[in-house]
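Consider the two complexes below, in which chain A is the common component and chain B and chain C are the respective partners.
Entry: the complex of A and B
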């Protein structure tokens, strides 16, 4: 029966499997509609559970009707890596994607990598294209410096403020006018902030501040600050910017009238705004109306952001574009037009996804919806002050770096506004300079990588060829037949790549480029790593985790093993249970522990609250996040425990008995007899534990994405970021080698010193 | 004491299953540790429905798992036998090399391997996940096979040779059947490692039709439109085969882990 199941399971995906294997090798081109095979247009967009997916299908069906012989395949952009990065994996793997959506903040990096098709020629050739049908200020976000248009908007989201009208009315405060100011915000926030339950901590706030970089930039612009100066340098350290960040920091930590529940990571939880405990929420886009429409208990509305020295706002947006890997660019262009057409635009507006970029749809009732009490027109009103991130700069990495630094000022209050801004600017400019520097280096040429990959296999083959005929012993030839699968793997998949990795660590290459574009950087890479503040943070966090987790794991594993030592029925059952968590996938582990450790609703804190205690906000508190991961790891020490148990059961009972006769108590027997006898096993578990601790990845990837700040950006997580988010395969390889060197060094030190404390049976102590 | 610990270790799993049958939204409403209100097994059906192509993911993961087990067994048993029972120059040096590669963090090789498979046009296929099992295998499994073959009496293979069996027939018909315990251990560990793997599918598998359960779950976990209860239902379903195998083959498991420490 099991065989039947396996066969059944094999049958279905096996077809896909061969298909996908064949697909990669398929020749590009062949876009001719006369071809007999149906043309497949591969489109990477919304997840299938997205509320607007039905409109997507509607557009697709119509497109297929109008283009006989064309089949549109909708590919969800979700799946492990997160929708922002998935397209990068597709581009890096040279997979055929005809249309994709990208976040406007990524536009500059895609431009720089030259992975998008310049659609201007297609627009020019299209008689039905009328640029004036879309908001000019929105299209501006999708144009390069020459004014060429690269895509069309799905919907866009200017940042505004949400206001709880009922709460203001309750406190006798009038809803501010559209031209309200920072001072108004502060004044009202002070009036509203209260400690309702009298526990000494405020639980009703003036404002719930969003804190990702795009949400912070409006404050900077309003205060007359700028992201870039006229020389193209990141200007986050200019006084106007520092002043804006300091204002936010004071709202949060001095005035204490702002709550910090609205971080990006927190969007999953019920916000204070939904709970009716905060007067203003923002800066944030129209997308929140999707979940706020369910609010029954109070009236709310939209307001423009309060003005500083001027009115300004940022715009969040995803747009549809055509990547370089498209097999059918003309059809892809036409599908982009269809996606940005009235059906999708009105539909998405209706479900509260964003503001339509198509003017007629934005001015229609689908968006302005007179039936709702809210004033949707506010979003159109603020368009005058709307700006995008400058496209001359690659923001992908800068955004993450500065977000982590600004988080330290705003969320954690561990840095002053000035210091955070200064460091963010320094890091950003370093990153810019480096990108410029990479471009000046000479390309390395594919040949070097090929040589590195082939060197070991060639040497190995030569050695075998020289050796085998000379001795010509049958036994030896047979042995090599047995070893062949292993040896092939060893030379091609291990030794070759190891050399390639060493070469990569001395160069820089973006996986969306051809390998010929790799550039030689030499030891610069290692020098840069030594000075990289994010690497320092990452190293510190990883070492801290290892230092805490490894000894505790050993202690817990040994303790459990000692408990299991006596053979009894309970012990057998207990052994089963103690090992059980060790079989969990780290992804499941992450998914469940995120909700066990959640600050407000988590199982642990709910339990503690029941006892009248208040637990920490485990994963969001910088001093608790690493211990949280340690705690999780202690739950999964099953393997180490079993190894200890085997060792304990191999002990010579006479020796322990002898110690007992000599009058040694439990503790002395443990320290002087059991522990020395177990020391070889202790050494083994120590080294394995250490290696595992340095490789922790999936849990923080699933649970915290490295935050808060950089407090859980473990080394492998940073390596992944560098390789697949910022597309720096070279620098990531540098990191990998430093990681390897550190693990090897630590292991060596432990092995060296182990001679003093490890006692092998039969040898004198 | 021991019972307290048993409860403590079981609690998170029991909590997960309990939460998975709560009414959708109950956790966010009343906290994750509130007392269960009614049982909603239909959450499982809802989770299957909301997770994109759930059965397809199951199929992919199963296929990968079965093929990986086959690959590991083939490669590691042959290599282990050669290291244990055959004579060739450089045997001991090579075996040290095998053990040495155990220390290598997979991330060091991840990038150049990605590059290699990319140049071969194999990204978004199962090959990058399968080739390393068939060619190379896991050093630890080679070690297990070698130790086991070493422990078998030499007369056995010699008797087979006298009866006219070649090396291959001796191996496949005499020695390998005797190594059943190690075969079981390797199969089960490979099952768990492949079923639970996140890193390789994350890097290599892109199209929805090629993805695995762990990727599906990670995507599920990122979507804030998914109720926590459904997330737990999906997690429970993905975990179930592992638990089943664990309880069925517990002895094999425990022997395997112990063997791993034996060289300490």
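Entry: the complex of A and C
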């Protein structure tokens, strides 16, 4: 797996490093395909996840009809939290993508990496382009500081509040007017919050608060705060911001009128709002109506966010743009236009994916559906106060950095609002500074990486040549012939790239850029790692997990193996059943266990509730999240169990009988005879288990994304974040090498001590 | 030491009756050998005595008390396994001391007793070695030491010599005999090897199909086999068995009997006519295979008889050396 990481870190250098013919210059008058050869337009889409894909196909067919000889290939990047990263993988891997969607919060980082085509010149050259057909305030989110437009919206989502009208009516409360205020929110929330089942904990709330950075910004803006100051510094530590966060914290933890179930990770599960147990839910976009339309039990509607000192809201948006890897930029531009055209826009509006960016579509019945009881026009009303997060800053990264801190204030209440904001600002500014600092470093030059890649095969070849001609080694030459397939793979795909990654760990490089852009950082990276609080948290969490999981896994695997070793009619069936979870994809396991461990509706807590016990909120409680992963890991000990089973079957039954004759009871037979005989297998499982524990990734990636706070940010998850979310391949390589060193050291220590407790003596002759 | 008694002891695995209502008395200090072909149930009897198998019916009594409800470790019985079953991760010292440690004996006593046992078997020098560093014979001695260190009432041996070479087997046989004399312990020894059975046992019990065919001193069993199975099983080469009708000798019960004689007790020049088929020279004796009509007999003669294949011979056996068995039941006739 380490090797896999190193390889992943090197996916880019292994590829050919020219931007191919697609390097964008002036509009070239479109595709000029060689006769007969069809032009393939590759489009990365996220719509497959939604019913909107049908419209996408419709647009595609029409586009192909209008452009004979062009074939549009739709590539799905659908999926949960990893879908954003998929685009980066594609760009890093130099896949020739012609059109892709990106999230507006990452626009600035894509600009900074210079991976997007400036489409302004295409718009200027397009006689049929009328900018005024789109919401100006929305197009603003896709423009750079010069006002150049880079793409067109799929749909956008101003943040609003969802209101349960029936619940308010039940409590004799009128639905607030559109210009309602924070005070109104607090007042109503206090009236609605109840402990219905009398267990001392509220189960009906005034408001279910969403808590990711973009959902928090409206509160900041309403309070007169700002995200960036005039010097481009992240200003999360200014008083207006702190006050806004403190207000939210008080709703959650002092007034206790807000529920914290609406974290980002919870978006896919059934929420309190759907259960009808909360009056307001938000700030959140139009996308929730897609599933809320299923609600039968109560009436609900949209409301603008309550006002603070002023009205304001944020806009979430995904838009289609053209990456620099595009082979056919003109065609790509035309396809972006088609995607933002009436067919697609009306279609997306209809299925509840978001507000169409095309004004005519947004004002049409397709969006302002008169047949629904809800007031869709609220989304258009709030556009006046709608803002995007300022560009020049990679908000996706800052969101990730600050999420843990904001969670500590809002979710866990372990930090004051002021402290959380201060630390978030400091971390963000440090990261901005670092970005600036990296730019001042000298580029390393691609030659070094190529040399590193070439060095290993050369050294290996030299060693072989020196070694082989000797006569006495003829047999060895034959051996090498058989070893060649492995040796070639090892040298070129493993050792070479590993050396490159060692070099990368001493530099910094964004995988979506050319390797020429790598900057030499030297040991700075390692020094930074040593002082990185997230790395420390990560290390602590990983060690805690390993310490807990590995011994328990061994015990459970051995216990199961001993149970399943006994002859029984169902033996084969039982063995299969216990092994089965081990072959399930960790992603599927993760999705399944997220449900099992859900605090309110999960299988475990439902079971406990049936017994009259109240289970913890497994994945959201900082003291339970690692044990949850441990518990889950015990479910997949099948492979270890199988190895133990093989060991048990290799045991000499006479030895156990001899021990019985010698007066050893069950436990002492186990300790004195079985365990020592299994010790080599125990050692194997221990080391493999330890390595696996250090590499846990897919489950937390699917289930918690590292939260709450950093309580499940395992090392490899952090490594992934650095490499593919923040595009810091150098720092990620540093992490990979430190991880490798730690695992190697631990393995060495275990192997050394194993001489005392591992018995290799075979069965006597 | 104690006497051992099996009463109507039975055991079956599935449909297969392995031990069939066996009665057996072993007196205090006796060396009894259970002998029989493989699959005759002899090892199962041993395991039933040890408590490693649960009896279907019947009783096992040691020193006059039933031990059926006791765990193997509580029966005061020690067993030496065919493959020795030494604990490979323990040194010789710890292997020998293991039963004493399990009995929570004081450390000093454990040490003294295991060293004493090791000395008795001449492996005092090997105490710090692991079993994998020992030869087969040395491992055998460790297994013996581990059994005798407990000073059990009954020793059980499950074909302990079947895994060692012929020379060592002879040596260990003598060693076991000496050990029995020295300890005077009750020992039950399972083997399929009739030489071991004849040389080691105070008495031997011949088993066939889960039943005891005959119990007696080696000479009794050899000289006066209780049935044709025992007659054919013991002795090398085995006893010749012919239908009475095929022989010229008088038959007390008419044609319904089988007449047997041992190859060593036949002479040349008698009235049983045949032709030599094969001659095997073994040095001390010469085995002459003779075909008499439909039947083959083997004679053990002193070398130098000058017979060759194809030669007609007559075979003579003196009347006292002739054994008569019922043709159907195989039971010895008076």
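Definition applied: the second predicted complex is superposed on the first by the 617 of 765 C-alpha atoms of A that agree within 3 Å, B and C clash if a C-alpha of one lies under 4 Å from a C-alpha of the other, contacts with A are read in each partner's own complex, and residues count from 1 in each chain.
Please note the rule applied: contacts are C-beta pairs under 8 Å (C-beta built on N, C-alpha and C of every residue); 3 or more make two chains touch, one makes a residue touch a chain.
Just so it is clear, the structure is predicted and the values come from calculations on it, not from any experiment.
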item	value
Chain B versus chain C as contact partner of A:733, first or second or both or neither	first
Residue contacts on chain A - larger count, chain B or chain C	B
First, second, both or neither for A:448, with chain B first and chain C second	neither
Partner chain(s) touched by A:668 [first = chain B, second = chain C, both, neither]	second
First (chain B), second (chain C), both or neither touched by A:747	first
Contacts of A:89 with chain B and chain C, given as first, second, both or neither	first
Which superposed partner A:652 touches (first chain B, second chain C, both, neither)	second
In the complex with chain A, residue positions of chain C that touch it	50-52, 71-74, 77-79, 81-90, 98-99, 102-103, 130-132, 134, 136, 139, 146, 150, 163
Residue ranges of chain A in contact with chain C within the complex	652, 654-655, 657-665, 668, 672-673, 676-677, 679, 759, 761-765
Chain A-touching residues of chain B, taken from the complex the two chains share	1-3, 5-6, 9-10, 12-13, 15-16, 19, 27-28, 31-34, 50, 52, 56, 58-60, 62-63, 66, 74-76, 78-79, 81-82, 86-89, 91, 94, 97-98, 101, 103-116, 118-119, 121-127, 131-132, 134-137, 142, 167-168, 171, 192, 195-199, 201-204, 206-211, 214-226, 228, 231-232, 235, 238-239, 242-243, 246-247, 250, 253-254, 257-258, 260-264
